[in-house]
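Shared between the two complexes below is chain A, which has chain B as its partner in the first and chain C in the second.
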Partner chain A sequence: MAKAVSPGVQALRKVVDDVYADARKAKAEGKLVGWSSSKFPCELAEAFDLNVMYPENQAAGIAANRDGEIMCQAAEDLGYDNDICGYARISLAYAAGKRASRKFDPETLEYIIDPKSGKPLKDADGKVVIDPETGKPKKDPKTMQPYTVLDDIYEIEALPETTEKERAYKNFRREAIKPYRQMRMPQPDFVLCCNNICNCMTKWYENIARMRNIPLIMIDIPYNNTVEVHDTNVAYVRAQFDAAIKQLEEITGKKFDEKKFEQACANANRTAQAWLRVCDYLQYKPAPYSGFDLFNHMADVVTARGKVAAAEAFELLEKDLAEQVKTGATTTPFPEQYRVMFEGIPCWPKLPNLFKPLKANGVNVTAVVYAPAFGFVYDDLDGMCRAYYKAPNSVCIEQGVDWREGICRANKVDGVLVHYNRSCKPWSGYMAEMQRRFTADLGVPCAGFDGDQADPRNFNEAQYETRVQGLVEAMEANKAAKEAAAK
Partner chain B sequence: MSIDVLLKEFQEVSEHPYKVLSQYKAEGKKVIGVLPYYAPEELVIAAGMVPMGIWGSNKKTIALAKEYCATFYCTIAQLALEMLLDGTMDQLDGIITPTICDTLRPMSQNIRVAMGDKLPCIFLAHPQYRRPAFGMQFTVDQYTNVKKELEKIAGAEITDEALRGAIKTMNASRAARREFVKLAGQHPEAVSAVLRSAVLRSAWFMEKAEHTAKLQQLNAELAALPASNWKGKKVLTSGIICDNPKLLQIFDDNGIAIAADDVAQESRLIRVDAAETGDPMMALAQMYADQDYDVLLFDEKSSENRRADYVVKQVKESGAQGLILFMQQFCDPEEMEYPYLKKALDAAGIPHVKLGVDQQMRDFGQASTAIQAFADVL
Partner chain C sequence: MSIYTLGIDIGSTASKCVMLKDGRDIVSKSLIAVGAGTSGPQRAIAQVLESAGMKREDMDYVLATGYGRNSLEGVADHQMSELSCHGKGAAFLFPEVHTVIDIGGQDVKVLQVENGVMTNFVMNDKCAAGTGRFLDVMARVLEVKVEDLGTLGAQSTKYVGISSTCTVFAESEVISQLAMDTDKRDIINGIHKSVASRVAGLAHRVGIRDQVVMTGGVAQNTGVVKALEEALGHTIHTSPLTQYNGALGAALFGYQRYLKEHQA
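Let's turn to the complex of A and B:
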């Protein structure tokens, strides 16, 4: 949300761009490209120099680009129920070859512009230009876009190309697929699945494997009921690492490279630690940036935590932040009056709508659960098993509460905003009890709202605004009571 | 006893699990609630206690459970919690909470929190790698935890011998139920869809040995019947659960027989048995490893469509003309496997219909229309 882009943020953006670009290049060169769940131990794939892409990150990007609905609908048309996780639906539609594309005239090969798209035209003084004929604001033609339509890459590839015209049409249809990187991700040659986040992941990746007839490498992390990870659980995961390595050796025809693996582990630890330190900067009052930015930086921990570039980019951002706190500067585009924890994944298609009432009320997000959730720090292989055993949805309620209350305390929040995310059953499934605990243990008010990480149809803006308002009022009352008590 | 009398007895149990629970308690028995799926009931029996399945309720409404979960969870899990909160389950001595799906994971936590000191909650996480040695070991480790917790409640150790005995009891129960499914499919004129479900459902509530003895009698009666000349249609049912008598009445009213099922509460969980000799804990792990073709289980050959192919085979072998899928609302494992089930059925030329259901459904008008229309095209 910040306008000024620091060198660290720039570096972080480049890291993710490169991951996508490298994968496209690898695919073009005929190398293997895999798809992986976000909390699969990427260290294993790094040891084989594999190009790996991350459907969760992709789905978030597609949703943020406003194509969540058309892709979700495409999955529903394939038979996937609309109750299924929005990321899974987007990813399954994509795996099946479905793409959000731009409408064009097959005769003229020209895009058909949607008159509803585009931003208002502004004059030199920045004032909106009114169309004298309609009395309505004029549109800036540069910002207008073609209609969005659904296409299918396998249908396109099956088109004939005997005549010049057919070739031109086929090429144009290929090119019409929306050009942003998440809509141009290469199809997978293998999939890497770790179900520490949810069991839906298991079925999701099995479906992809079946659809594309490709190998699936699975790391199974059964749910854990205790804060500690027992040795028996560690042994189970350790054995799976060995099995996964064997499978990867078969797929790649290469031997497992211990050196590369160790390097990837070192990188992953370095990234995780830098990530945690960046997150910790939100402890400053006022925070040097808006916690919403962390949602964007998550892309780096997801797609590149095993790469040295990611570690370096986070370290760079850390430097920027150190400078900022020296001067008390912040990139949060409003004065911080309240500090909250945002619980859950944001509603990507509705990010501006989420931000609006927060900004209006001076509410800064200074804590997100992803901070500890991606801080995979470990010393050895057993430690690595333990680290991957602790994903947001694989831990018991006590651990979940402890993580959150830890960051709420450290990052000094005044309230908690809980996203009841229709897509994510395991996450939302014990939030009601957690909310009660936050209030009891921290004395902070909580407010919940209904939404979805990817499907815009499940978000109700009016409800959200009312809930934020209610939370602000409760925080205000809390503040007043505290001030009165202090006197 | 005649077939009708036996069926009525099963129905009585199926309709009134609370009475059964109260009766066992009055007899001084300890009863352990068993949530779905794949909990080893053998361990409960070996501890001298009664396992009682909890599969939601067709009669209750979600009220108290709202304190713990949002609306987008299957009613099976929500109503299980409801009955724990509203006192229906107060007589239980413990409960086993498996966590194989994304609803049961957080539900295990809600139940543990809500029950506090009131009821011991025994946590169970199954591995998705069932067959490799490391997966078998993990199952044994988890079952060992369950065993220890049960021993605490029972106040006595579970011996290997008792466990082997319990395995025999459960094997006999499963065998009798499998036999019944076959016979009921062959003699729909003698066993209505409503009563077929009552027989299978009551197995979750009655003491297994008692249920088996009665069921063996029934099976003997059914086997002695002359060959059926059923004029109606035959279908295979699929889904997590379809035990609502009002829903099943539609089958009976329209002359639709259930030839066999791919239903979790009925046949899916009783397809395989455990070895009666050797290390009994290993035998239980092996039994879980032998389970297959289930939407809840990971398939190591996931690029094939084995589960759907299996269902197609079931349809063909049972003589069913089509498949009726009861899609439990908000059940992602079922929903995720639907497109490939559909694909296999379509490829095999087997007609099917998908009906959305949940346990708070009270009006079956739409379902009735859909089932009738489906039967007409068979």
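Let's turn to the complex of A and C:
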């Protein structure tokens, strides 16, 4: 039976579905569709009524659908090094036309099922059915999938369609591309890049622009060595906003609509405020939901923060949470024994493996840095420049530590689990020092593990489980010592 | 009546068992030089029981640890991470311990210990450099026994730098040194310093406080211990039971859990 989902969560899911559906519709109608980095000022694109898609969100979805590896490999075959961010590799492969597709027989046009795929078959009592011949669990045929192969949309489009057989083959090959929304995102007509979120982004978007021969709007945010965003920094960004508006006017052939821009800013502020309030619910003990849910809701903050629907959906979720707190209900499927901050992007292809030892040990994620990192509120255009100057990887270590320690204290964590993400060198690089400070300042143990946000080849389950178990044992010892000292 | 607990440490390269009486006296121990996924664990368990003249049923509590800890369903009463067990074992052997450096077959861990309990730790990333496996590879290239590395390295007269932190590249560096007729003893000394520098970097992340205790098979290599003492500027304590330390910690935790469960 499917898990019951609250109205707020349903609304949030619809917001993201609509972003993708609207972009597909716009593309079909011959309108311009853009790709944007997650922390590009979406307010500018909204002022031009542009349909914009988000490759980071797309790559996370592709990775969670277990197609990260085939897409990363496709990018490597195109010449991109496997040390480059997994999101970038997936996105570059996608921009080049590569797609994860279902294997089929070209003669019969039938899918070829992978016998290793599928979930175990369960009987009426929910028990796994064992095959008497093999002694192993039987597979549920409904959940079995065809083999995954790599395809190329440009190769498909170049196929001949003179005979009926050729047309049928071409159509089936189009159909065989995985049907989930992230694998069916329209190709871009322009790209919007703000490198505040990471530096790899600059070359990633330059490559897409060159590959597709489309305009690139770049907003450069240098790494800030101070907590304060100085007036000169603001002037530098403000000038780039002005240039971006001019470029967008040229691309769209429209004049910048100040009213629409103001409305988008108001929406973005309203979304950010609601997002922050939703994040604050993690302060409750036990928390009404898990930080892992927040990772899912991130899609809305990334893809739709300038839309009123996103603000409304977060406000609805806030109401759901207020009710949950009253009744003590939680979406966390186990009793909360320990509360941790999960630092970094999750390993999307290995989400169940990531969750398993946490669930087994009663560890709930009650803090993630995304709360302050995306909850930015501003009053005017200069304030907006300052807000976009602050992203997880563009702020100095003091600001980064302050953000994290603030939520760790407010959300009452017992420990910190750090993902040393092979895809994200800027984020992982300073984590060793941050870990040291968390233990010194907060008096909680920290454990780090190696992984990757999109490439499953960089994650080892056994190593991860040992580190989580070690963290749990250290948190247990820490709690016991604190309780003994209190007596 | 005495309480017997058995600690089983199934590592990546060896299986170790320690049987304790009343959480204090070591009754017997065993070590088989193959680890998780082999016959090692069963052989080590059979050996430790046989040398004590006892059976599994005579054990009041069995606690498994190490990389293969979850593979002992039906044998162990409980599993714990090797991190806590190494902290516990080291604190039993050296009550004043605050830092434990354990170099095993495929990982390196540095533990912070307070009042005999692990409170924080760091481990190596997914790289074999600085681990027991690194030394195995080097010994094979140099055509010496891994247990002789310490003695040979101590005879070094000249510094030879092994700069690479990658096992594969360090191996080719060693091969080029051999091709240049560099004395094996100097190369070995360079290898020890390379391991020490890698481990010291990790140790500094968790913080080093006396007493510093080194455990795991590599602690038997006096060359690595000396190089690490120089790199850290702290005296390092080792025990003849170094390889059994994880299993000892597991047996101690087993005793604690037995008492807790029976008091309750």
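Methods note: the second predicted complex is superposed on the first by the 484 of 487 C-alpha atoms of A that agree within 3 Å, B and C clash if a C-alpha of one lies under 4 Å from a C-alpha of the other, contacts with A are read in each partner's own complex, and residues count from 1 in each chain.
Operating definition for what follows: contacts are C-beta pairs under 8 Å (C-beta built on N, C-alpha and C of every residue); 3 or more make two chains touch, one makes a residue touch a chain.
Remember, it's a predicted structure, so these values are computed and weren't measured experimentally.
When the two structures are aligned on the shared chain, A:250 is found in touch with neither chain B nor chain C. Once chain A of one complex is fitted onto chain A of the other, the partner contacts of A:198 are limited to chain B, with no touch recorded for chain C.
Taking chain B and chain C in turn and counting the residues of chain A each one touches, the greater count comes from B.
In the superposition on chain A, A:432 contacts both chain B and chain C.
In the superposition on chain A, A:209 makes contact with chain B only, while chain C stays out of contact range. In the superposed pair of complexes, A:460 makes contact with chain C only, with no contact to chain B.
Once the two complexes are laid over each other on the shared chain, residue contacts for A:155 go to neither chain B nor chain C. Of the two partner chains placed by superposition, only chain B is touched by A:78; chain C is not.
In the superposition on chain A, A:131 contacts neither chain B nor chain C. When both complexes are overlaid on chain A, the residue A:474 reaches chain C alone and has no touch with chain B. Residues 420, 432, 450 of chain A touch chain B in one complex and chain C in the other.
Those residues of chain A whose C-beta lies close enough to touch chain B in the complex are 78-81, 83-85, 88, 195, 198-200, 202-207, 209-210, 212-216, 218, 220, 222-225, 232-233, 235-236, 239-240, 243, 393, 396-397, 420, 422, 425-426, 428-433, 450.
Residue ranges on chain C touching chain A, taken from their complex, read 67, 80-84, 107, 114-115, 117-123, 125-126, 205, 207. Residues of chain B that touch chain A in their complex: 67-70, 72-73, 99-103, 105-110, 112-113, 123, 125-129, 132-135, 137-138, 141-142, 295, 298-300, 302-305, 327, 329-330, 332-333, 335-340, 342.
Looking at the complex, you find that chain A touches chain C at residues 420, 432, 435-436, 439, 445-448, 450, 458, 460, 462-463, 466-467, 469-470, 473-474, 477-478, 480-481.
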